[in-house]
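Common to both upcoming complexes is chain A, partnered first by chain B, then by chain C.
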Partner chain A sequence: MDHSAYLTGLRLIATGAGVTVAISLCAIAIGFAIALPVCAANMSGSRIARLLGHFYVSFFRGVPLLVLLLLIYYLLPFVGLELPSFAAAALGLGVCTAAYQAENLRGGFLIIPAGQREAALAFSYSRYQSWRHILLPQAIRAAMPMMVNEMIAILKASSLVSVVGVADMTRVAQNIVARDVQPLLWYPAIAFIYLAINLTLAHFSHRSVGRLRRGRPEFRL
Partner chain B sequence: MTTPTSAAPDREPLVVVRNLSKWYGAHQVLHNVSMEVNRSEVLCIIGPSGSGKSTLLRCVNFLEDFAEGEVRVGGRLLGYREDLKGRRVPDSRENVARVRRGISMVFQQFNLWPHLSVLENVAQPLVVVQRKPRAEAEAKARQVLDRVGLAAKLDAYPNQLSGGQQQRVGIARALAIDPELILFDEPTSALDPELVGEVLQVIKRLADDGLTMVVVTHEMGFAAQVADRVIFIDHGAIVEQGPPQTLFRNPGSERLAQFLETWVERNQIFTDAPSVADGGKVL
Partner chain C sequence: MIDFSIFTDAWPSLLSGFLLTVEIWLAGCALAMAIGAPLGFLLAAGRRPTKALVRAYVEFFRGTPLLVQLFVLYYAGPSIGITLDALPAGIIGLGLYGGAYCTEIVCAGLEAIPPGQIGAARAFGYSRSQTLRHIVVPQMLVLVLPPLVNIAIFVLKDTAILSIITVPELTFQVTGLTLDTFAFVEPYLALSVGYWVLVELTASLGRRAEIRAARYLETSA
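Right after this comes the complex of A and B.
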C-alpha cells in the first residue's frame, strides 16, 4: 500500500466524519423541535395530550435505535414516503433523541419554583410571555448538562446509520478495512476522531452552559 | 414620581373587597371578609401565622381564586364576571390581567428571576407587558433602582445580592410599572434580622411619597409607624381595624390583646435589660 492509498483513506474518513457530524446536528435539531411540543404535552392540563406525550416518550425510549432506523427506512416507503437514506437516518435519530430531550426539559421545568411563574402572573405576563421569557430559559439552563449528555450519546449512536446505507465515518472505515485489511490502523483512527468531536462538543457546551448559567450558583460537591 | 391618574374620583376606594370567602377543600380560610383600600392609604394587615392574611392579600390581585364574594379594583370586577344568565364565571386571563394592571406585588421570597440581571428584572415587565422600547424601559428601571439605593448593582444577578438587596430589587420591579397600588406579602419575613431595617426604610419612604399600599407584616413597630390603618385578622376573619394608635394602645378584642401580648413579650428583653438592648452604647 502506497502513500496515495493512505491519503485516499484519510480523505474518505474526513468525508465520513462530515456526514457523522451533519447527521448528528440534524438529528439534535429535529429532536429539539419535537421535544418542545412533546414536553408541553406531557405537562399539559389535558389528559389526552399527556397520554399522547407519554406514549411518544415510552415508545421511542423503548424501541432499540437500530430497529427504529430499519423501521423508518423500510416502512415509510410502504405509506408512500420515500426518504433518501440521509434524511431517514436523521429522522430516526431525531425522533429517538426527542424522547430523551423532552424528559430532560420536563425535569428542567419541574425544578422551577412556583414563585417564578407567580411573579410573572402578578406582573400580567400572558401564558405565552411567561413561558417564553421566564420559564423556558430557566428550564433550558437547568436541563443543559443532561442535554449535552444526550448530544454526545446521539453522536455516538449515529454510527448505527450505516444500516440504512448512509456512508458515515464508521461505514467508511469498514469499507476501507474491507479493501485494505488494516483494522488496527483505521478503527483506532476513527475512535480517536469520535473522541475528538465529542470533546470539542463538550467543551463548547460547557462554555455556553457557563454563559447560560449566569446568575446561578455553581453547584459543587 | 408620577402620580397615577384615574377616571374614578379620589374619594372612591381603589380596592373594594366584599364578603369574600375561600376554602381549601373543607377548610375555610377566609370568612366573609370585607375591606376597602383608599387611594394614598397605607394599610397594614397583621395577625397570627395561618390567619389568612397572606391569602387575603393574594386574592386582591387574584393570585388566589375565591369561592364567594367579589373584589373590585377601580370599580371593575377582578377574577370573575357574570355570564349572560347572571352566573358567576371565571374571567379570562387577559381580562384579569387588564383589571390588575395597576397593581404590583412584592413577595416574601422575592421571586426575582434568577436568569436576568437586576436591570433586566426591573425592565423586562415594561418591555414584555407594556411594550415599551427597551431604552425607555431601561431608563425607567435605572431610575427606580436608584430610588431603592441599588444604582450600583444594575449588572449583578440576584444570587450575588444579599437578601435585603434582593428585596429592594423586588420593590424596584414593583415600582417600575407605575402602579396605583403595591401589595407587600410579608416583605421582611425571609430576611436575616440585620437586613430587615434597610427594606423597611425603603417601604417607609414610599409611604411618605403617598403611594397606596397594603402590607402584610409581622413588624408591629413598622405598622405602628407607617400605617394609616391596621387590620387585625384571626382565623380568616377581620377581628378589628382602625388607626394604629387606637389598635395598639387599646385593643378592642381579647384576641388582639393576646396577639399583641406575645409580641410585647418577645421584645421584653429590650425594655427589661437596657444594657443588652443598647449594646455597645452602654459599654
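Right after this comes the complex of A and C.
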C-alpha cells in the first residue's frame, strides 16, 4: 500500500471524527432539552409527574444503548416517522443521556440551600423567575463536572451508532479495514483519537475536581 | 399491529442467549474485580512508576469506547499473535474495561479511610497486614459497594455490545430473530423491557446489600 492510500484513509477518519463529534453534540443538546422537564417532573409536587419522571429515568438507564438504538431505528418508521439514520441515532443517544443528565441536574438542585428559594419568594420572584435566575444557573454550575463526564460517556457511546448505519469514526475505520485488512493500524488509531478528545474534555472537569481533591490526605499504610 | 406470537417458536435460542448473557456478565464482573482490587491498591499506595502505569491503564480503558477495544482485541489481536474466539475475547474485553472503573473505585475507597485510623492501629502495635485486614478493608468494602453495584449494572448493559463481535448472547439471538421474521419492533421492545427488569432487579438487590453493609459498619464501630 502506498502513501496516498494512507492519506485517503486518514482523511476519511477525519471526516468520521467530525461525524462522531457532531452526533455527540446533537445528543447532548437533545438530552439536555429532555432532561430539564424530566428533572422538573422528578422534583415536582405532583405525584403523577414524579412517577412519570422516575419511570423515564429508570427505563432509559436500564436499557442497553445498543438495544435502544436498534429499537428507535425500527420504531420510528413503524409509527410513520421517516428520519435519516443520523437523526434517528442522535435521538436515541439523546433520550438515553437525558436520563443521566436529569439525575445530574437534580443533584445540582439538591445542594442549593432552601433559604435561597425562600429569599427569592420574599423578594416576590415568581416561580419561573426564581428558577430562571436563581436556581437553574447554580444547579447547572454545580452539575458541570458530572455533565462533562456525561459528554465523555456519550462520545464513547456514539461508537455504537455505527451499527445503525451512521458513518461515524468507528464505522469509517471498519470500512477501511474491510478494504486494506490492517486492523492493527486503524483500530488502535481511532482508539487514540477517542482518547485524545476525551482527555481534552476531562482536562476541563479535572480542573474543578482537582480543586476538591487537593488537601485530601494520601493513603499510606 | 403488535404480534408477540413470534417468541413462542424462538424460545430455545432466546433462553440460550439469556443464559450466555448472564454467564458473560458474571465472568466480566469477576474479571473486573480481579483486576480492580490489586490495581486499585497499587494506585492508592504504590510507588510512583507503578502508579503512573496503573493510571495509564485506567485512562486508556476509560477513555476509549468498549466497541473499539473489542475490535482491537478481536480483529487486530491475531496480527500480534493473540487469536481468541469471540466469546473469550468479549469477556476479556469486558473485564479489562470494567476493571479500569473498579481500579478507580477501589483506589477512592482506600483514600477515604481516615489516615488517623491507620496511624492509631499502627501505634497499638497492629502489623501492616493486620491493619489492612481489620481496619482498612472492612470499611473500604462498605464504601465501595454502591459504586461497584453501579459498575455491575454497566457491565450487564454492555454485554449487549458483544453481539457486534458475534457472541451469541441475548441481543445477538434477538437480532437473529428479527432477521428471520422481519418483525423488528416487537422483539427489540421485549428485549428492552427484559434488560430493564434485570437492571432494576440488580439495583434493588444492591440497595439491600448496601443497607446491610451500612448496618454492619454501625454495629462493629
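Quick note on the criterion: the second predicted complex is superposed on the first by the 202 of 221 C-alpha atoms of A that agree within 3 Å, B and C clash if a C-alpha of one lies under 4 Å from a C-alpha of the other, contacts with A are read in each partner's own complex, and residues count from 1 in each chain.
What we mean here is this: contacts are C-beta pairs under 8 Å (C-beta built on N, C-alpha and C of every residue); 3 or more make two chains touch, one makes a residue touch a chain.
For clarity, every value in this text was computed on a predicted model and none was experimentally measured.
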| item | value |
| --- | --- |
| Contacts of A:H133 with chain B and chain C, given as first, second, both or neither | first |
| Which of chain B and chain C A:S124 touches, first, second, both or neither | first |
| Partner chain in contact with A:I152 - chain B first, chain C second, else both or neither | second |
| Which superposed partner A:Q116 touches (first chain B, second chain C, both, neither) | first |
| First (chain B), second (chain C), both or neither touched by A:A143 | neither |
| Per-residue contact with chain A, leading partner among chain C and chain B | C |
| First (chain B), second (chain C), both or neither touched by A:I28 | neither |
| Partner chain in contact with A:L68 - chain B first, chain C second, else both or neither | second |
| Chain B and chain C contact sites that coincide on chain A, given as residue numbers | 216-217 |
| Chain B residues within the chain A interface of the complex | 61, 63, 93-94, 97, 100-101, 104-105, 107, 109, 111-117, 124-125, 128-129, 157-160, 173, 177 |
| Complex interface listing, chain A residues touching chain B | 113, 115-116, 118-119, 121-127, 129, 133-134, 137-138, 141, 214-217 |
| Sites on chain A touched by chain C in the complex | 58-59, 61-68, 70-71, 74-75, 78, 152, 156-160, 162-163, 170, 173-174, 177, 183-184, 187-188, 190-192, 194-195, 198-199, 202, 216-221 |
| Residue ranges of chain C in contact with chain A within the complex | 44-45, 59-60, 63-69, 71-72, 75-76, 79-80, 110-111, 113-115, 118, 128, 131-132, 136, 157-161, 163-164, 171, 175, 178, 184-185, 188-189, 191-192, 195-197, 199-200 |
